[in-house]
């Protein structure tokens, strides 16, 4: 039974299918905002399989083993994080006290893998992209953690199950966390390297960032990781800020789909409406504004927890 | 119609050896005939600094047979345009003075003259050649009138001088032949006309 | 063909990623290529994405007559692309050198340096023409599409010469419309 859950639902196969679906949804919203048609529904699948059929070129002076392993590590970290996030009920596949923290730390591994991939590629553009990815990690990491831990402080628990239990008992408290939700959505765009925080992959500036020298199935796996990260982060935000579930599995599943689609819709609208920020603007913005509001939110939550 | 009379007079006043025939105007601009480098620099300095023609547009080169010319387009605040020319001494002695000390944007224009005409412009800072490719062979100046692309082999990057000389010789022969034929036709027509007149006179 | 190969062949047709390179053009065709990527013409509905890195792209969309200076760079970019790759020459200068073909430092069209899969003439080639060319190139990836139903097979040069003579003779024998003659005839009849 557990094997089935790990491989099919909510594991590998569900993550793959849903990441294709959400990438399609993201591209369609982006296209419609630009008043154009957008790709057909099978486009992410076509992209993935086309890349599988391409030749893999490894630069001569690069360590072959690490060049080929890094995409695997990145995807594996995303999959592992996904297994700890509850989708349709308060309990995920392996719930334990503190799994929120574990998920947050698992989600930093893909960013480190992107940095390493760009660094060992030994090219000008890959190096620049890698350094920018790591700089951006320092920028959005703290606000993201703050925003995700504020509801946990209020709920007095570091696990998804505890958070869900608290907010089911006191639904009105979900409104207290709205500033944290806003910060989390903004910082999530940094994690996902989306406009306006897509300096690490700025196509017009540094060719393709950390992935410049990747081709073929390795690139397919990296792009797949980026898509899967979208699903994982959206599910994480849904699990922490919108932790209401239904008792019926079908209704709960539909609720989960609606929650993640809503979050991805907000992200896609941001992508379509905004321009790219420079890397020093990203760092300044995150450290000044996001952390400022994050601190206020945590203080507010501590006060409310003490009061009630 | 812009008034170039005062402009011409002020130049002639300072440089009396430029007689009237050095100037030509055509309603939009004043053309000054070519002067040698030493005199040109003083003329240029005067025109830019004192007559305030300090809007520098561009410079182009010209292959005038016996020597090379460089044409400079200048204009002033009232939008009067002036064309100055500098000439080299001869086709072989290609020294020319640069206007880079006055206008730094002349840099690319004069690099182009060096590359495409072979004019030796002195006074530019060090830098890469422009605009010819890096592998271009020396001593091939494409914009000279005696250098034709059809004799340049792009694969081996060599210029076929014999073929060019042969073609030039053939062309000159052809021209001489045509000229002789034309003159013969004119002479024949004249002779025929004279004969006809004589016949008409004889008939009277 | 086993199903995975079929799937990959289908995917190659549906998702051509392009990289755009200017090998010495006047920028007219470049503007049109960029125009084809804007929302008005929307190449993304064919799955076309513009990528920056040559390693990610399938199709090299190239404009301009190749000069001696850009020839090495163009070859470099073509070599960096991963197989299977295609080249599309956009504009008359890219097809054959155009008006600049006999210039002193121009090597010719794109096919002087790299093998070209599709030629899109025009000066500048319109975005509609570029889209049409790309779509035709994609349809050749499926092995059957562009083959004519009853192809004419010519086995030797003599046969070709005979065919051309026949066609010429046939053209002389047909009555061509001589507008003025007919009009004169009509006028005479009416008068």
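The chains carry the letters A, B and C, assigned in the order they are written, with residues numbered from 1 in each.
In the analysis below, contacts are C-beta pairs under 8 Å (C-beta built on N, C-alpha and C of every residue); 3 or more make two chains touch, one makes a residue touch a chain.
Remember, it's a predicted structure, so these values are computed and weren't measured experimentally.
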item: Chain whose averaged C-alpha position falls nearest the assembly-wide average; value: C
item: Farthest-lying chain, centroid of Cα atoms versus that of chain A; value: B
item: Where chain B and chain C are represented by their mean Cα positions, the distance between them in whole Å; value: 43
item: Interchain centroid distance [CA atoms averaged], chain A/chain B, Å; value: 68
item: Residues of chain A whose C-beta touches two or more other chains; value: none
item: Residues of chain A defined as touching chain C within the complex; value: 27, 31, 34-40, 42-43, 45-50, 52-57, 125, 203-204, 207-208, 211-216, 219
item: Residues of chain C touching chain B in the complex; value: 67-69, 102-105, 107
item: Partner chain A, residues of chain C touching it in the complex; value: 7-12, 14-15, 39-40, 42, 44-45, 47, 50-53, 55-56, 58, 80, 82-84
item: Of chain B, residues touching chain C in the complex; value: 132-136, 142, 149-150, 152, 154
